[in-house]
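The first chain written gets the first letter, and so on, giving A, B and C; residue counts start at 1 in each chain.
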Amino acid sequence: MRALFLASILSMVIAFTSVEALAVGTTSSDSSDCIECHQDFTPGIVVEWERSLHSQRTPKRAREVADELERRISAESTPEETEKFVVGCAECHLLNPEKHEDTFEHNGFQVHVVVTPDDCAVCHPVERDQYAENLMANAYHNLMSNPLYKDMANAINGTRVHSDGDITIKEPSDLTEADSCLMCHGTIVTVDGMETKNTLMGEMDFPKLIGWPNQGVGRINPDGSKGACTACHTRHEFSIAMARKPETCGQCHKGPDVPAYSVYKVSKHGNLYSSASSKWDFEAVPWKLGEDFTAPTCASCHISLLTFSGEVIAERTHRMNDRLSWRIFGLPYAHARPISPDTTIIKNKAGLPLPTELSGEPVSEYLLSDEEMAQSRETIQTICLACHSTQWKDGFFTKLDSTIEVTNEITKAATALVAQAWEKGYANGPATGGSPFDEAIEMKWVKSWLFYANSTRFAAAMGGADYGVFQNGRFQLSETIEEMKDWLKIMEMMTPPSDEK
Amino acid sequence: MRALFLASILSMVIAFTSVEALAVGTTSSDSSDCIECHQDFTPGIVVEWERSLHSQRTPKRAREVADELERRISAESTPEETEKFVVGCAECHLLNPEKHEDTFEHNGFQVHVVVTPDDCAVCHPVERDQYAENLMANAYHNLMSNPLYKDMANAINGTRVHSDGDITIKEPSDLTEADSCLMCHGTIVTVDGMETKNTLMGEMDFPKLIGWPNQGVGRINPDGSKGACTACHTRHEFSIAMARKPETCGQCHKGPDVPAYSVYKVSKHGNLYSSASSKWDFEAVPWKLGEDFTAPTCASCHISLLTFSGEVIAERTHRMNDRLSWRIFGLPYAHARPISPDTTIIKNKAGLPLPTELSGEPVSEYLLSDEEMAQSRETIQTICLACHSTQWKDGFFTKLDSTIEVTNEITKAATALVAQAWEKGYANGPATGGSPFDEAIEMKWVKSWLFYANSTRFAAAMGGADYGVFQNGRFQLSETIEEMKDWLKIMEMMTPPSDEK
Amino acid sequence: MRALFLASILSMVIAFTSVEALAVGTTSSDSSDCIECHQDFTPGIVVEWERSLHSQRTPKRAREVADELERRISAESTPEETEKFVVGCAECHLLNPEKHEDTFEHNGFQVHVVVTPDDCAVCHPVERDQYAENLMANAYHNLMSNPLYKDMANAINGTRVHSDGDITIKEPSDLTEADSCLMCHGTIVTVDGMETKNTLMGEMDFPKLIGWPNQGVGRINPDGSKGACTACHTRHEFSIAMARKPETCGQCHKGPDVPAYSVYKVSKHGNLYSSASSKWDFEAVPWKLGEDFTAPTCASCHISLLTFSGEVIAERTHRMNDRLSWRIFGLPYAHARPISPDTTIIKNKAGLPLPTELSGEPVSEYLLSDEEMAQSRETIQTICLACHSTQWKDGFFTKLDSTIEVTNEITKAATALVAQAWEKGYANGPATGGSPFDEAIEMKWVKSWLFYANSTRFAAAMGGADYGVFQNGRFQLSETIEEMKDWLKIMEMMTPPSDEK
């Protein structure tokens, strides 16, 4: 009996402690109205929200956290009406109705479906502003408004159709684009009038959303803003823990083109994460090295506010580029990081929207100078130095720089081979009005840099051995060039020497 | 001292609580006899069993659970002799001895090694019956008794031998088949007399089992039943938790042909699983949305009994097909789900055992009608709607339908190219007595639909971005068609035009 | 109030308990000096060390553990100066200064950066000795001193450069080698004088280390020893738990050449690990089957000391080869395990440094005899038998043996095809002074055995279905041979028949 009494007391203590720590606000009457129906009709999201900090703290209370490093809100003030209530449905989905093309009348409320960075900015303006300067916020635009990249997307996503013994390529539909590149890059979400839906509550009217659903990082929203905070802070828990876990980045950064997560998993850091992270605290703000975690995730190096013994090791940033000097994701060559997150402004000497010439020479005016690169590098290296000696860090980066240089050199060789195919008329290249991306030999060339040179560099950047050798690394890079050479030889042997091209 | 006293009291309370919850039966004397030896000779499985619910509850007690939703047993009554005892070794391995070809005398007992769905059906008849109607129960038969699929398996698993400067293909041996396709599809387990084995207890006689060990989902058992419950509910814990975790499905559904698990891992749902599931309860029956878990695993959508606030969201089913409208796994085209789980009955107009014509046209009589598809779709969409709006759900499925249509169209182009190779005599196709699957150009064709079109559809069905683009998706699909075209061009250029084919 | 009192008492009890169990020594004054600075400059590693057993126990206390099976130290005595203090920075980094080429003066201490197996052997001599006889300790030498393997590494890692319309291959630089093969195999770490570094403490002098950083398993250290204990027991926690988790092996054993970890993940054992290991105890010594874990990880079968009910199931070994009969990693053929871990001593009849002839015939004198194979097999099978019947085990190994035989037969066919290419002059092989590894057709041949035959065997050895079929298995193996055949046919058709080769 006594034992049971003690145990129940103990659980009360635990319950009490967490209540005290978290529950400090009430749900607004508007949000309560939403919940009243939605806990029956979409219970999953209500439950997730209940687990979130949003359901437990008012913005006012969040601002009052004394230690600025511990504060989870960057607004210095928030609208009066949000002060009394926790952040519920209404606090986000009713914001800025006039700016939202997707606003509609829903049971007496002017609701919008697509909550955007500009909505989140009521409480998190610094993050919104930083993110707007992030390369990822421009992911839609940088892909779809760059004629060369768009051409490559069409070559990949276009529907190959057979007619009269030949293959032709139909342009990809909007749905195909939304289901492929734009799943990560983000769609344009627009409204095409209203439509009536048969719902669990009977017939209801909703705006007909085009490009929806989508959580891509560069989504163009119905209020004109760019990005989707939910890409990393998933609805409706909006968890910082989730965003700090590498699986979140892995949603988009795993494939052969950007194998960051895959490489991380086989790196020593990833090994520590896999083996030890069940004991880490992914919720703590600031993220205290040693106390909360002992090895970096993606977020540690690229985003998070890190401290040790109360000292700041790295400032939080949602403009992730800040901590990078190179852009190792080569298109086709790795190059110094572009100055502007809008890369559509870049033009090389040949007039192409590329950050390098086809020879690999960087288009310097749009890219970080050596001094700026050194500065960015220092930012990220400060984090390395929390666990590694200067010597270790220098040795590591020397290897990385060498691998960038060597893989760029190999990309130059691959580019020369595809150019040879174009010149000799074995493939229909840009000079003869063709796409440089849609024939077999051209796709081999694409793989050489997009998959294999990139993978080799990601492996060098994080210590992911086989991604630089047998797993889409140097083996495949060398093999692809040999195959291109082999194919050119076959073409040459089949072509009568007198034939002029 | 006092503190230590309290701590020990506390651990007693915890121990007591779990004892009370679980231990409600005794082990039969037969099972105790088994355990007496086997705890020395195969301790691992004894320990696993001790962790199982089977070792802790009698079937009677399991039936007495008042709330039907919480009941883990579907038999309305169980044989009298099983009522007093928990489910131990003897309760399964001694069942139905006369039906089991593998029954043998073992230390005074008529034991069989291979426990089967029909054995499990003593307590779980509903699950056995449902599973028997599941496509997976027919996985052996549907592969090995379909001459076309068997031909493809032979083309892949056959041993290529070099003699006289040429390559010939030897048929795969039974062991090769058991080690490849049948590892997942299931073997036929038969008895070939008795044999003497040198065991840790000295020489003993056992039935010589052919096709053993195997835990494939469509295993043909020595009692004539189909399937292996242990494929998902692994021996000897038979855990519901394990079956609900996606890694269990991932054993067989991960490769390029059926990348369901791989796609799930990079989907938003998979991201939630990776980031948050350490706090979920995978043991609870029913599985309560929000309370027990917050994002779906494979089981949530395809199998499990789901509730919210005591209301059933989805009924449990072991006939997983029920929740599917399409069969997105194309052979070679995606098509409406077959009506019968036995797909060997299907014949298309050309007389081939395929659910579509080679042109992609469905063989409607064997497939769900549009109305039936709509009904199946509604079943699975009810689960979506627990977290997503009607609008979201509709947008998602519109994209999926479009991707099914477009990938089928591309498969048609690929099929036209391989047909061209056959017609012109560049490859030895069915019309000239060859296998359609065993030459280089034919294997390219196979990859175009089996790997790349399938992967693209799985990515669309679960939101797994790169599996629809660069990770065995549209890039590889387009590339493969370009390579087929390229090869045909080479063949054509090398063939004197006057040469008649 | 009373509840709070109880809770605080309770946490004291917990704290006290763990203090009693672990904290039994003090940090030496030398190590304290290190920590004084390094907790500011590299706090991460200090924190990791604080979590380690090294920071909590003196070697003396570790030796005094009464039950030999529980002891974590193999030295029968340790130097007097280490007896009073826990194992801190100084206890390792100041050891054997005269033997360490990398020793330098650092704030009054003779420090070396690279701690080696010979340093660790002060407390762990048995492990050092066993590991020195492990194939992995020779990973550098076996690759770089075998002219044939080195030639293959050069063919893969060499920089392909385009000049005058042709591709030439530049030898890989030391940095490229360190960033590719040697990341896992280990570099040679040497000292090239001293250099001044700009550190957080201002300018300081350090030895200039070449081949650093590196944690490869066969690293050649500045004291002449081989290996890096930190490859698996990561700095500075040196955790046994980490080494027992499969992700640690997965750092190097994941790619298409050695997909051990990948295969494990989709095996039934891996499924159990993924689903159930959150409840296992990875710290316990010895590792008690059933009590501490219920399914094997890599370490269980290949390394760890396993017990059941106090009985030893398997002795700990760091000479992992001991538990293996075959070397299923074929180069190019799978073969009986080599007797010596130094495989550079092997020569076949053709004078090549290979364990088999090019026809597949084993070079028996350097390999285990059938009796020795049987003995090694028995060692590992004892572990299988803890959970599986003799029958199951025999069935499993019969399948594995068959798959080894069949894949070797296929490798023979692939080898005959590449030989044909060399003979007919379609490729420049060894007989005509070329590398056998650097042309497109040769790399296809390499993939046939290095990726596909190997993957198929790993899948057979662990039950990893698709890695033996569609995921780099029999499909790709058959396809590659068909592609080689196809290419030879094209070459033949393009070569005028009168032309003599």
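Criterion: a contact is a pair of C-beta atoms (placed from the backbone, for glycine too) under 8 Å apart; a residue touches a chain by one contact, two chains touch by 3 or more.
These numbers come from a predicted model, not from an experiment.
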Size of the rotation, in steps of 5 degrees, that lays the CA trace of chain B over chain C: 120
Classification of the chain A:chain B interface as same or different, half of numbers criterion: different
Rounded Å distance, chain A centre to chain B centre (Cα mean): 33
Chain B, residues touching no fewer than two other chains: 6, 10, 278, 490, 494
Chain B to chain A touching residues, read off their complex: 6, 9-10, 12-14, 16, 265-268, 270-272, 274-276, 278, 289-291, 294, 308-309, 385-392, 394-396, 398-399, 402-403, 406, 409-410, 412-413, 416-417, 420, 459-460, 463, 465-471, 473-475, 478-479, 481-483, 485-486, 490, 493-494
Chain A partner contacts - residues on chain C that touch it in the complex: 2-4, 6-7, 10, 39, 41-48, 50-51, 113, 155-162, 165, 167, 173, 175-176, 178-181, 183-184, 197-200, 206, 209, 212-213, 215, 234, 237, 239, 241-242, 245, 247-248, 250-252, 254-257, 278, 438-441, 443, 450-451, 490, 494
